[in-house]
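You will see two complexes here that share chain A, one where it goes with chain B and one where it goes with chain C.
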Partner chain A sequence: MLLLPASFLVGLLTVCGLAVLRMSFGRKNAEWSDWSFDSYVALADPYFVNILADTLWLALLSAVITSVISFPVALFMARTRSEVARRMVLICIMLPMLVSLLVQSFGWVAILGPDGLANQIVGAILDVERPLALLFNRTGVLLGLIQTTVPLAVLPMVASLKAIPLSLEEAASVLGASRAKVYTNVILPLAWPGIAAGLVLVFGFNTGAFVVPLLLGGLKVTTLALVIRDQMGVLLNWPMGSALSVILIAFALTVQALQNVIGRRVSTEENSHG
Partner chain B sequence: MDENTSIGRAGVEATVIKALTWFLLLLLLLPIAMVLAMSFTSVTTLQFPPPELSLRWYADVWSMVSDEQNDFTRLRESFETSFVIAAATSLVCLVAGVPASYALVRFRFLGHRVVEELLLSVPIIFPTVVLGVALLVIVSMSGLDLGIFQIVVAHSIIGLPFMMRNCVAALHGIDPSLQEAAKTLGASSIRAFTEIILPLIRGGMSSGVLLVFILSFNEFTLSYFLYTIDVFPLSIWLFQQSNTSFSPAIFAVSSLMIVINIAVILIVDKAFGTQKAAR
Partner chain C sequence: MRLIAGLDEPTGGDIEVFGKSVNGQPPHRRNIGLVFQSLAIFPHMSVHKNVAFGLRMKGVERRTIDQKVEEVLDLVHLPAAEYGARMPSQLSGGQLQRVALARTLATEPSLVLFDEPMAALDRRLRDYMAVELRSIQKSLNVAAVYVTHDQETASAMSDRIVIMEAGKVVQVGTPEEVYERPGNRFVATFLGDMNFLEAGSVGVWSDGSRTVHIADGSLVVADEISGRREGGSVMVRPEHVELMTLEPNGPGLSGRISETQFSSGFYRSRICLSDGQEVLTRSTENTAVVCGVGAKIWLKIKQGRARMLRS
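And then the complex of A and B:
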């Protein structure tokens, strides 16, 4: 009873998933009556294979870079004793995720454009006119993907970093480990579940990236989500767009399952400590 | 004991981490800062830094918004549309989310884990583009003219988990014995819920409402698939303007959106901060 209104919303989401699944086995103009594997066979076309590989590569690259730059931020958040500083950092990393990507893309244009901030700074240093081509290519898309997903990587890292007992670090130091050794042999292995959770989250989030490549890719970078838009909206090839959507859904559900596995590992570890 | 001085965490290492953190945060906020800075330019081009500062683009936006005759770009209409959609979305999420959160926290039932997963996580991880095109197909097949409701429902689907996560967190903070005490003293379940539980989770509910409001107000992808000529949200207005004329006026509109976002974040943060302190 209490779940009824919420079930309606989630039910509609499920219907959307099932509708896409059904249409992916249909034929163009007969999405609901015919059955065929044509769309899935067509996925083997180099055009789609390339886009799929491209999307996954961008997502993977952004996940790795985001996790690397998130690590010091997470360390700071986990260690600082100032509640105000912690909350300020949290607000600063949440803003790029919350503020409309559309709005931020205007900012990116002003930074990365031919006469933008980046070109002015680098150009002044190297004394070259417009040395960088950053906008409307993969670099710009990658930067956008990284900037908007930092909180997804930072927050799980903070949780697992905080769970490391200080006594372990002390013990390692007493036994003669250098700070570098403490990091590689104590902190990184123990924080790994949090780091992995962040990697998986950013990767999953960015496989479905739509707004960033649409606005910063300038038609030159094509991701899975953009092709789905083209197939469904422009070419009206619903079965093809649906088959691509099914792949995207499968990625998302896999990521969610991985999340749960990692989450369970974190909680059992916490229990074994307690 | 001062934990940072006990082992090698102090000194150079702490300074390096702190410096790195603030440097990275600066980079992360740079696009937002640039939008704010460019909105004060005095010229029509996008050169940086602005040769002179002025409020002319804000005046420009104001003249579009204040005078309905002058609203040839439909800015005012888009703003109102987005506002109504965001308010309706918050309301739907509140009505759907609060009872569902209560059911999840208080009762154990068959398939509890699956339901929890479906309500709190799946709508977040589900690819937005797929949701958008699927809803578009369903709406166009049904042949109904749903007006703003097609966007409201779409936004509610992705907003619900954020509403519920806030409510669930607030509900976990309540001592179940409070409700038992109310019941023992003769209050009905419904009365115990409305008079004990609801006031206690007010903080969580208002954080959820604000968060959903701002998510809907900013949302682009679903609106992109579901907007019509009559229902034209602000994010779509900005997108079209940026494609036709890249004038600094869109930076002024964007800056106003950023200010609204920051205000909401600060309010939510304040609510959470006091909620934590109360525990």
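And then the complex of A and C:
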């Protein structure tokens, strides 16, 4: 009985997914009757290929940078003895998730704009002729993508860092490992599953990013999600939009699968070394 | 232990290892080995890698590392050919113990610290490991400090025992000294069983021996009684009490048997003295059993085995 609502939801989503798949093989204005590969052939156009590459590159870059930024935060949360400090950091990390992406993006517009906070600070310190172009370009989009996904990277990292007993670190340092070597030899390998999970989550989340590139990119940075919106909402080319969606989903699923492979690879690699 | 290893900093005082102060030195520069209570084997590394870790951190050449790892793994009876490639999850508790020991010994520390590493092992394995650990320590001739709550391990393994109570040292000595001449009640009960008998008046004989009256009898104590003539406690180990069916010549106590029990080679009995005090005895003779519960029996303390409690 309890499974009923859940299976209904899963069923509905499956049907919608299949509908998108079906439409991607249709023709404009004959989405349900005709069969063709036209949309997929059109995807080979450099215009789309570039956008796809750009989307994945932005997602990858943001995933790596977010993880690097998140690691010290996660380490602090996992290791601090003060429960109050941990809660405070947790609230700060979680707060953005409670605010809609739209509002967050407008916040960045206010900070990064030619007259915004960032430029005022830079202007006060250095004598610059023109305000730095931080908004409506890749820098702005990247900053937005990083900021909105920090919680996705921090939380799995905290979980895996917390699972590492302090005695392992101590054992390593008693055996002669400096602080840096303790990190590279003990903490990072053991926390890797959490770091990988964070990377994949951020990457997956940002391949489908829509609001952030729309508002912070100012139509100068085009991502896959924006193109899908244009194809479906503006041009009413449903097969084209569907085909792009299928590609997006395919990438998300591939990365998910890769995570499993990476996680397993690490453990078997350690196993096979004598 | 954590202070010696450098994992914690002392709030006061100075720590010297072989006459050199190590205060302020980070743990990785001290060359002190520490075997953790939790063992702290790296779960993501093979046995070989665990043991090689310390040498790798010191930047020792690869071939030398392999040689040394093989050597110490042989020492702890885990041949590298068979166990080197195994992961910690594939080993038993005793084997993990050996890996932890090998990992510590591989770096040839000047001092090895053991933080109750065998607490999690079952008793038989623990006794076995204690003997082995002792012989390895002897053969390498390396100084070791072993912290334990297990008095059997403590007396079986050490040259010198330091007994600490609530963070303060209460007695230092060889296992025999500490067992035979405990300084206070805590030390006395820490190492084995001990009878404490409330003493009445104390008399001094012309030959210098002291007699203490207890209940309706008396016994001779071995040590000097500094000035005191009344009261105090007399300590007697259960194995130093002889049970006799007839009244002995000279000093002795008498009482009734309240319980007897046979366990692992010894007859243990509880004797109730006339004033209600109880004496535990342990003997290989079945005297108490033959007499039966409730029978009157005489107690003689082996010569020089009763001592006054100094407190």
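The criterion applied here is as follows: the second predicted complex is superposed on the first by the 251 of 274 C-alpha atoms of A that agree within 3 Å, B and C clash if a C-alpha of one lies under 4 Å from a C-alpha of the other, contacts with A are read in each partner's own complex, and residues count from 1 in each chain.
Note that in this section contacts are C-beta pairs under 8 Å (C-beta built on N, C-alpha and C of every residue); 3 or more make two chains touch, one makes a residue touch a chain.
Here the structure is a predicted model, which is why all the values come from computation and not from measurement.
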Scan A:189 for contacts with chain B and chain C and give back first, second, both or neither.
-> second
Chain B versus chain C as contact partner of A:181, first or second or both or neither | second
Partner chain(s) touched by A:34 [first = chain B, second = chain C, both, neither] = neither
Give one of first, second, both or neither to describe whether A:150 is in contact with chain B, with chain C, with both, or with none.
-> first
On the superposed three-chain arrangement, identify whether chain B or chain C touches more chain A residues.
-> B
In the overlay, answer first, second, both or neither for which of chain B and chain C A:170 touches.
-> both
Intersection of chain A residues contacting chain B with those contacting chain C?
-> 170, 173
What residues of chain A sit close enough to touch chain B in their complex?
-> 2-3, 5-10, 12-13, 15-17, 19-20, 23, 69, 72-73, 75-76, 79, 81, 87, 89-96, 98-111, 113, 115-117, 120, 147, 150, 166, 169-170, 173, 179, 182, 204, 207-208, 210-211, 225, 228-229, 232-233, 238, 241, 245, 248-249, 251-253, 255-256, 259-260
Show which residues of chain A lie in contact with chain C when the two form their complex.
-> 165, 167-168, 170-178, 181, 185-186, 189-190, 267, 270-271, 273-274
Complex interface listing, chain B residues touching chain A = 3-4, 6-9, 13-14, 17-18, 20-21, 24-25, 27-35, 38, 46-48, 92, 95-97, 99-100, 102-103, 115, 117-119, 121-123, 125-131, 133-138, 153, 156-157, 160, 164, 214-215, 218-221, 225, 235, 238-239, 242, 250-251, 254, 257-258, 261-262, 265-266, 269, 273
Contacting residues of chain C [partner chain A, same complex] = 5-7, 26-28, 30-34, 36, 38, 40, 42-46, 48-49, 53-54, 57-58, 84-85, 87, 103-104, 107
